[in-house]
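So, here come the structures, one by one.
Consider the two complexes below, in which chain A is the common component and chain B and chain C are the respective partners.
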Partner chain A sequence: MSIDAPVKVTPPARKITTKPRVSDQIFRAIVTAFSFSALLILSLIAIFLLIKGFTTFKEQGFGFITNFEWSVTQDEAGKEVTHFGLLAMLVGTVVISFVALAIAVPLSVLTALFLTFYAPERIKRILVTIVDLMAAFPSILYGLWGFFVLMPMAEYWAKLIHKWLGWIYIFDVPDPVYTRSPFIAGIVLSVMIIPIITSVSREVFSQTPLDRIQAAYALGATKWGMIRAVVLPFGAGGVVGGSMLGLGRAFGETVAVFSVLNIVFRTNFQILFTQGGNVASMIIQKWGEAGPSEVSALMAAGLVLFILTLMVNFLANYVVTKTVKSGR
Partner chain B sequence: MPTSTVQKMRPWAASPKDRALTGLSVLLSVLTAILIVAVTPMKGKLAYFALFFLAWFVIDSLFVVRKQGSKGVRDGLAAKVTLFGAVIVSMAVFSILWATISKGVKGLNLAFVTENMREASLFDPIGKGGILHAILGTLMLIAIAIIFSVPMGILTALYLTEIKGRAVGLIQFLVQAMSGVPSVVAGLFIYAAIILNTPLRSSGFLGGLALTILMVPTVTRTAQEVLNLVPRDLREAGLAMGATQWKTVALVVVPAARSGLITATILGVARIAGETAPLLFTVGVFDSYNFNPFKGDQGTIPTVVWRGLMGGTPESVQRAWSAILVLLIVVLIMFVLARSFGSKSPKK
Partner chain C sequence: MNESVQLTQNGTHMSDQPKNTTPSSLSDVAAKRAETKIAGTQPLGTGLEARGVHAWFDKHHALEDVSLDFSAGTVTALIGPSGCGKSTFIRTLNRMHEFIPHTSMAGQVLLDGKDIYEPGIDVTKIRLQIGMVFQKPNPFPSMTIGENVLSGLKLAQLKVDNQEDLLEECLTRAGLWTEVKDRLGAHAGGLSGGQQQRLCIARALAVKPKVLLMDEPCSALDPGSTLRIEETISQLSKSMTIVIVTHNMQQAARVSDYTAFFLSDGGPGQMIEVGPTNEIFSRPRDERTENYVTGRFG
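Moving on, here comes the complex of A and B:
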């Protein structure tokens, strides 16, 4: 008696393929399409500002970024004569931003060093929260604070600086008016960019290769000796990149600067004196009573600002990425 | 043979004598600062603060130099200077918080958060009218921005972490560039692209679009970080079970990162809640309720603050402080929420 061996039913071999299923293809297509939204938005911004600002670029040519005069007047025939030159505001933007950097970079680097190498764990956690919180404050809050709280103090500091350093041109003033100056706008901006510079610096410092740190200690370095010999050379690129990220933010800041600065369309290098401006706040200031031709000019100014901040950001990210990679 | 007992030693820890010296130097510095402020014309809290640090630098250096020489002095100096920097930064934050709370609280009352400004102007005495319309307007703008930017941001992050296509470098680059777009440019763009070209006029919807531009990069970057924290094992397990990539992402990866993605959204909202410049171009100002996001100007908290500040009278400035306090409370609550969700993120 024999039992038939069970018939082996071998299913047909599944075709092995690396081709994704239909559902995956759809998924990948949708996600990929959405991921290009950043590209789409950035190019749309450039295109539309260019279209709307085109008449200004055509009429003013390169003068738009090399001339100092910004005026809309009418000649005898009642025809509109426009002079749109952005240079005074570009200079103002750079002046304010550099005041901000001069204050923010040392403070941020010190804070980042303190956080990375000196602070006990509890204090570190609190301080990190504080710095993060700073980044979340709305810019108009900085404007209010700058105008009502900082200004009276900063006016006093400005007087002191003028008293002792007034013989240097940039600290001199034509009239003794110290409020609403680029100096004060710079302090407000510095407070706004400290969180960015601090967090980038902290990240780079904490990436310092541990073997180099331990090598420095093993050679008998003090903590400061170690920081100077290992951390600062390693992190310098990151600090520069972080500062440039801060610079990008400072370039584009509108409301806070508008609140504390007396915006006058004139080139002014005397940072303690009560006039100055930057491109972003100038746009807000002129917007209210702008006619069609001036609106076009303001769009063009927006495009210049956009390109400026994009370039600074590109460069900054490049520097930071390179620094962080060099430690691995 | 008795085993020799090794005394436990911690040569790096501060001995009682060291601690006494530290205390002494701090005490002496405080006394010096008070003394100098008392006898010279220098005044104010900042003078105390600066003098205290200066005196501390000098006095502590004198103590250290005997034991550790000039190297020790420089080391101690570096520690103090970094502390000095951190203290100044914290002082700025506390000054901002204190100013907002102490000045804002004076204008707060029930009417301020339950009424609108239809029958009151910014210049009326405090107690008349409120900013409920602006609170609702801001919430509406935030909702619109969330609707657009959260899918955009999370899908972009999924591309960067799950699909890892050929364009990863480019997209990463563009997202970082986008996070640097000045807020005023976002407003100008919406104005140039929509208000000048279509019959649509300033409305809550356009404001939401402008805010979306500013919110997407924050959401993307945070979401990317969170998705990167999801262990590879989970993805591999999903695929090994025979799930397609789509199913793995939708049923494993995203749920695992859910609280982190909520954090990403909240951080994005905190970023845009107080944006003022783009709203001036796209939303306009309005003193009463407007529940139609597509038509008509909209009141928002930042524009109330803005007008209050520009108004310049004590009443309008008081309203500005109170409105910013309301906004700050909202931002702080979101900040705390983001932190509590963030700490629940996937375990490594």
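Moving on, here comes the complex of A and C:
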């Protein structure tokens, strides 16, 4: 009689299922439907732009985003000849937006730090209301303010910057004309995106874990030392996220930029010079007198702007998840 | 239940009983520690002294008239049921209490004879001399293990000639060196809870404080890690003054020279009794202390 070695039986993994109650299923359907409606509307807009702009994409091909000539002329036979190239406008959009970010991010982060860690309760409440109000202000008013109030002052600043930093390419100018420049448009935009960056930063800063703040203080940290060691690493992701929201707004801003920028179809990185581009402003500028073929081109431009904004947002998301996880 | 009965018996008759080889009761543990403790360790200044300390949260009077001496080079345990004000008290000792909005305090806390609440005093310098370890391990997750240990120096803008030596010294004293010496560049979040707490102790030691406050340092840890930290405390007590809040009376008996018992009878917390640890656990003067240390309530 032999004794069999005990056979070890590993059962197959069970499939775990749950059946939610009807009420839960209904609620689930509602939230799903509503969240997908946003996606649906966005896709419909993109499809609309694609259909309308299709002829332009077909005629101009890849040149639509690599050329910078924009003209509708007629040849001898009276046939319409079109050149639609968006490059200058795309470059301009990015240049202005980064000028705006360069000004708005430091200002917003410092404001958010003040509001979270320094401001007395009463001043804090007043300031938060004012900053939030800045976001609700109509953009045409920013444009008018930019044109009538800011421009004369900013022209002077631009001259100063050019005088001292003119040896850097982006601060140089081909001619001494400083009005209606990407620099001025960037300042106007920065004022418009400060509220969103400030409020997102304030939100993340205020969520800094108390035990880490206390740890820093218990080690003899000053307030500034504590902020540098604990709050900024923790809040970095949120600041980047808020900046991206601001950047999205800066990309799409139309009227305010239109009122203070000299739109020229030529790529220009010299931010103090009176020459710039901005896709959205260009669309509103050309809209009124555009013929059918040009309308198609403007729609196509809108789609390109839409895709550019999406790409920047995805990139930002990627950067945030890659770099700031360790601070949490 | 059983254990508490045994504790009472042992506690009350301890003086006429021969000593057990394996200490089983709190008083035995405390007595054993008192024997091994080298009397009169090196002079470390005059220590820390609380005089008539009161504390309030808004209008709530949380702590009433506590006066306690922590002489240099001793370990003092603060025990008592939850809500008796012992954590509040320890937080007044390095001015952490004031970080909670709408709090206030009265009385004096003297470090080497100087009031740490004196107007115009640089509070960051006070906290450099009176370090703190918290209940929940709180290393800085954005920093590496090495950076965490040295973070206090950076925060206080102190210069040290040989950082490597200091790093090793602090981690060794905190009982963590052998476990992390090969991964000082790794992020602190990857350590276990007990290791993180010892890292926090190492971090507190790096700025060379005279006093170390520990607010229930082991309450979130497993028994093994707790033991390691208790060993660390014993090591440290040779060179600094330690105040430890604990819910674990065994721990108080094992690590402390003096024990203070706090209690709140519904009103503000008060210090009921303080004395050498073996006396508190063997023949407390106050009935409430006896009830608490023998496990009749709390």
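Here is the rule we use: the second predicted complex is superposed on the first by the 273 of 328 C-alpha atoms of A that agree within 3 Å, B and C clash if a C-alpha of one lies under 4 Å from a C-alpha of the other, contacts with A are read in each partner's own complex, and residues count from 1 in each chain.
Simple rule for what comes next: a contact is a pair of C-beta atoms (placed from the backbone, for glycine too) under 8 Å apart; a residue touches a chain by one contact, two chains touch by 3 or more.
Being a predicted model, the structure only gives us computed values, none of them experimental.
Q: Go through the superposed model and pick first if A:222 touches only chain B, second if only chain C, both, or neither.
A: A:222 contacts both chain B and chain C.
Q: On the superposed three-chain arrangement, identify whether chain B or chain C touches more chain A residues.
A: B
Q: Mind working out whether A:248 is in touch with chain B, chain C, both or neither, as first, second, both or neither?
A: first
Q: For A:284, select first, second, both or neither according to whether it touches chain B, chain C, the two together, or no partner.
A: A:284 sits against chain B, while chain C stays out of touch.
Q: Check the residue A:198 against both partner chains and state whether it touches chain B (first), chain C (second), both, or neither.
A: first
Q: Using the superposition on chain A described above, determine whether A:29 touches chain B (first), chain C (second), both, or neither.
A: It touches nothing on chain B or chain C.
Q: Have a look at where A:37 lands relative to chain B and chain C in the superposition and call it first, second, both or neither.
A: A:37 contacts chain B only, not chain C.
Q: Common interface residues of chain A with chain B and chain C?
A: In chain A, positions 222, 225 sit in both the chain B and chain C interfaces.
Q: Quick one: in the complex, what on chain B touches chain A?
A: 46, 71-72, 74-75, 77-79, 81-86, 88-90, 92-93, 95-96, 99-100, 103, 151-152, 155-156, 158-160, 162-163, 165, 167, 170-171, 173-186, 188-189, 192-193, 196, 213, 216-217, 220, 244-247, 249, 267, 270-271, 273-277, 280-281, 302, 305-306, 309, 317, 320-321, 324, 327-328, 331-332, 335, 339
Q: Can you tell me which positions in chain C touch chain A when the two form their complex?
A: Going by the criterion above, the answer is residues 94, 96, 99, 124-128, 131-132, 134, 136, 138-143, 151-152, 154-157, 187, 189, 200, 203-204, 207.
Q: Which part of chain A faces chain C closely enough to touch in the complex?
A: 209, 211-222, 225-226, 229-230, 233-234, 326-328
Q: Taking the complex as given, what residues does chain A use to touch chain B?
A: Spelled out, the residues of chain A in touch with chain B are 20-21, 23-24, 26-28, 30-32, 34-39, 41-42, 44-45, 48-49, 51-52, 106-111, 113-115, 117-119, 127, 129-134, 136-145, 147-149, 153, 191, 194, 198, 222-225, 227, 245, 248-249, 251-255, 259, 280, 283-284, 287, 298-299, 302, 305-306, 309-310, 312-314, 317.
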